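Structures incoming, each one as structure tokens.
What follows is chain A paired twice: with chain B in the first complex and chain C in the second.
Up next is the complex of A and B:
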């Protein structure tokens, strides 16, 4: 057994306290204040003078300020032993996903689709094309891999193309999983990502029986949606709403969600997009920027935009969302809610793109229609463009070999923000994540280059926006944010700033 | 008029070369940056369109001060951080269902 040097356990220069691990930075519009974030995710804002006193061990340990910082796990007062177990539990809680193994299993049952969306990330095929559906042997082997994963809670997501075009394969997979789960006894959630165009009563009855969550795409009002998601009949928006209505009637409104993808045409209409979701009775909107994959990559010049343009849109949309929530319309923004959950609670969020270690492979396995296994949807999209470097193996490859495959070695090496240049000392590191597949797609390097990364620029701008709101501490805004994080009505939330803000007052 | 090459020299007695490299890396999205260790000092060269070299140098030195502080904090807290992570991983192996 090896022991640490005694200095590791002693107070620094008899200052009366020890620093606990933390990072720091500043918000662009508050250069005289320092944001301090601990490894546990708790944070505070300090004046420059107070921050330097704290970091230089010049803070009087008997003051309220020192006690507040100790309460936030940023320092440890006195000579008592540091309660390692408590800090270890906090760290383990934030990294809980690490101990589960892959919990999201994506089945791409077909590449066929009846849409020709301008921003499509997938290399879709025409509805009548043959040879792009998952066959039964592939499906059964993929289910073998699913149950080799150690996770007790599994999400099985069906994607395409348009997966409803291969409904019988979905039915076969679900029935196979349900039969095997009688002995496995896992908690399984089924998700279908579909346009919902032409969904039948029989299909809806099946989805209700197996408690599916349905996810569709709604890009905003009809003119915008139909521009982004053209059909020869120019009725995509109307058919989507009709599908949503029928799905809600069959499964209940809580089980039908929608995502919006933002093209250049969307950026001028943040308020209209938000209001359209409210009018259509949704309780969540996910304002997603374009991805640099698949067909979308070819359309970026025409439909793409810079991070600054996206953030101008997003700031307006978020401000409008806050106003509408305070008026009594309960509509969360999914991405802000993910980030706020990470900032305001001790728990790990489940979002695969913002994990460290990366969610790719460790949290997700994707089974493509042809039997290839990928660590994420994005890796599959790269493969569809001819770059198969992230192909982990096939559905016939044992789980252990998949997780030890060469692509996973690369992802593990580059998927830890705690060790990446530009991430390791970033003040937002406790809440952010690494996605080596995305870094490779954007910058041709799994490690990525943070100073020129659009992903990093957007993440940084998002955190700066949210921490700006948190620092302002407006009681109404805090109520809205807490209602999103706690999944409660705004009216049920008392307006209180986060505990951490008190230390800066 | 913009200048296309700016040099900033930092003596090692002010900041270790590794810390100068860390700060210089932060600018590598805006400029082509080269850092050379020249015995008792680090020389940082920025290539690109620089409107006000004085402002660039002020910004660089402010970030360098922060990075020097970060390096000191890391040195002071790294062993504790390692102990915490080790304890967390040990507990996860010991009690796989607890605390997560």
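Up next is the complex of A and C:
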């Protein structure tokens, strides 16, 4: 048998190539380049000339450029059948969360709280109010629903109000779940969202026993935090840090995280907020813009801000974070990490707000203190304001009926970016998600209207910012991004030179 | 280096057969009958237990046993140190050609003894078949179209004689999956006899893409089975050219995806040749995006033997000329948490950034160093060269590394 030359294995130039599904767009400051993304999230930048040749079937299929685009799953050379398996499996991998059903189960154990935060998105009640705690029968029924969901890995999150004000209910639920899980054998993570003010040693010992993740709120340095989170005693910041210190001592530092809420006052201090998290020994910061829900909407005129103002803040914060990471401070930004994971890995992510199909209901069930079941926290907020259209049923409604309820039909119809006007052909579609409840809350329409959507504006700006960094390809920035995505130290990541983009067609 | 085959004289061995070499300890710890074993005295003149051995090893013509050692008197009183009449005998040309724990094949018609398994070697491989459905430019074991299904039973016989604590075992060919159900039977035998032994099967994976093999193998639930699958490019024409088979890329990729979806463990093996080097970074990203379940990615220097010799000009590339794309590919995968190794490449011709990934990968019996290597500080960690390396296959820039360079690795 004689060996054959490579030309024997190439389709001839005349048979050309076929295009595989792709989307495209341009970054604001790079009008001569085109970002091209494939269905499974792989991407490349092409010069305008190359892009037009590619899309017009004018590329010579024997060139390196054509080979590169084939390797990226953007075209298929020759006249052999397109092997769909690799595309189907890559797509299935990114949508793997669909196989699990609801994995996040939120228990609102009380609406009572001792804070009166101006932007509070939770319909809180005063600490002494009666009738706003979850009762035992409701809790037991909610645990029935939890175990009806098929997911092998479950996260059980306790919210309020301030859930520590109903600690005995938390204890009862956790012990009920733990007892039933001896036969169910699910992997369960408990999360508590709390100010941690006044957390007791007994409570901490309990959280340690059940390996809780504690999540608290820290808005930045004391002046900013206390401005955002008023207590009659004006000592919220000090009490939060004291709670964090005690929680870390009891559970270990990696079990205590903090979230940042950003008010208008925060926007002037991106570096100070980042540095405060580093000083306080956190390894992650989540720079969340203000939520439009609940009581927060009433304060928007005073405390709210437009997407552009938020992005100005965020750009500075991210640049500062990158610098600090390169200096050896391992602090990730949670939202950027989430988006980068979606862009730079083949995997599904766990973030409910950025899924397609939507995470509401399909990934999350929320059990309110009064026994109502909602597909998300936002749906509960709407109900607290009198609009109960997303109430799926009660904790006594079987799981199957909850998932087939009318609110879920509406969410499913509007919860697929692949089919939404303004999303379906967006270059960032593979990385974004639909949240019909959010769309309804903001725009009174589950389908939403992308050109006037603040959510879309922010997502687009975030993707443009991150893809701008990826296009620049600075080796140090890429090391920081990979360290966030891979959850490793920057020092462990080796430099990766940027992909060369040949402007010549 | 000890040979695979060694001259031997046989008495009372009419035909080819497989036996396990045992001494007292090996026999006592094993589960074999005396008929399956060849008795190997630990000293010349030591008494031979009175059991129906398959054969007895007797001292070589030019003995290399210690001349001072003496049989113990008490044993000698009880038993004879000479094989009884009628017990088959093996007389080796070299005493060290067989040792307890080895599995040997007696070839009386050729007066040879072939070692099929060597206890303590850093690699032991079962040879599955000479047939292959690819025809790789650099094949080290050029395939032949022969009917060698007899090898299935032969391998099952070898497996039955192996120590139960074999540290690792390989199966290669040819293309083992061409044995079909025969291969499944072999994997089942390994699972049952050697459940704790990592088993590594080299396969091009194509039949995982075209048959129900993935289901059959997944059904075995072998706890330590890994498939080593060669994969050379992110695009079909480069891969198909290297393996000289149109359509092979699609079949292998489909096979790998089947393995991943059935939960089978696989590693990807990329042989570094002139036609594949340019696309290594693209291949690395393709692997990360489509095959992140790979437990290991090995980039391998060429073995100058077999078809490679005929295709030297098409294949050969100096390590220095692949440094840039190879470094990118290795770092791309390692940064993303994938296990990466470099095989068959001397440390001194690799960039310092790649040396931590280099392994001493060449099996004992076919590995050597060159004169240049004298005095090298990392020689003991270096892959060195294949025994049969020859001019035209030796990288430019070989040099002994000094202690300062070693600290970088």
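Throughout what follows, the second predicted complex is superposed on the first by the 481 of 505 C-alpha atoms of A that agree within 3 Å, B and C clash if a C-alpha of one lies under 4 Å from a C-alpha of the other, contacts with A are read in each partner's own complex, and residues count from 1 in each chain.
What we mean here is this: contacts are C-beta pairs under 8 Å (C-beta built on N, C-alpha and C of every residue); 3 or more make two chains touch, one makes a residue touch a chain.
The structure presented is a predicted model; accordingly, all values stated were derived computationally and were not measured.
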### Query
Counting only touches as set out at the top, which of chain B and chain C does A:85 meet: first, second, both, neither?
both
### Message
Output check: A:42 vs chain B and chain C. Expected answer is one of first, second, both, neither. What do you get?
### Response
second
### Query
Who does A:67 touch here: chain B (first), chain C (second), both, or neither?
second
### Task
Check whether A:187 is in contact with chain B, with chain C, with both or with neither, and answer first, second, both or neither.
neither
### Task
Considering only touches as defined above, state whether A:409 meets chain B (first), chain C (second), both or neither.
neither
### Query
For A:19, is the partner it touches chain B (first), chain C (second), both, or none of the two (neither)?
first
### Task
Considering only touches as defined above, state whether A:153 meets chain B (first), chain C (second), both or neither.
neither
### Task
Share the list of chain A residues that count as touching for chain B in one structure and for chain C in the other.
4-5, 8, 85, 89
### In the complex, chain A residues that touch chain B
4-5, 8, 12, 18-24, 39, 55, 82, 84-85, 87-89, 91-93, 95-96, 98-100, 421-422, 425, 449-453
### Task
Under the touch definition given earlier, write down the residues of chain C that touch chain A in their complex.
135, 137, 234-238, 240-241, 244, 246-247, 250, 253-254, 257, 260-261, 275, 279, 282-283, 285-286, 288-290, 292, 307, 310-311, 314, 328, 331-332, 334-337, 353
### Message
So in the complex, the part of chain B that touches chain A is made up of which residues?
### Response
22, 25-30, 66-67, 69-70, 72-74, 76-81, 83-85, 87-88, 91-92, 96, 99-100
### Message
Residue numbers of chain A touching chain C in their complex, please.
### Response
1, 3-6, 8-11, 40, 42, 67-68, 70-71, 77, 80, 83, 85-86, 89-90, 345-347, 482, 486, 488, 493-497
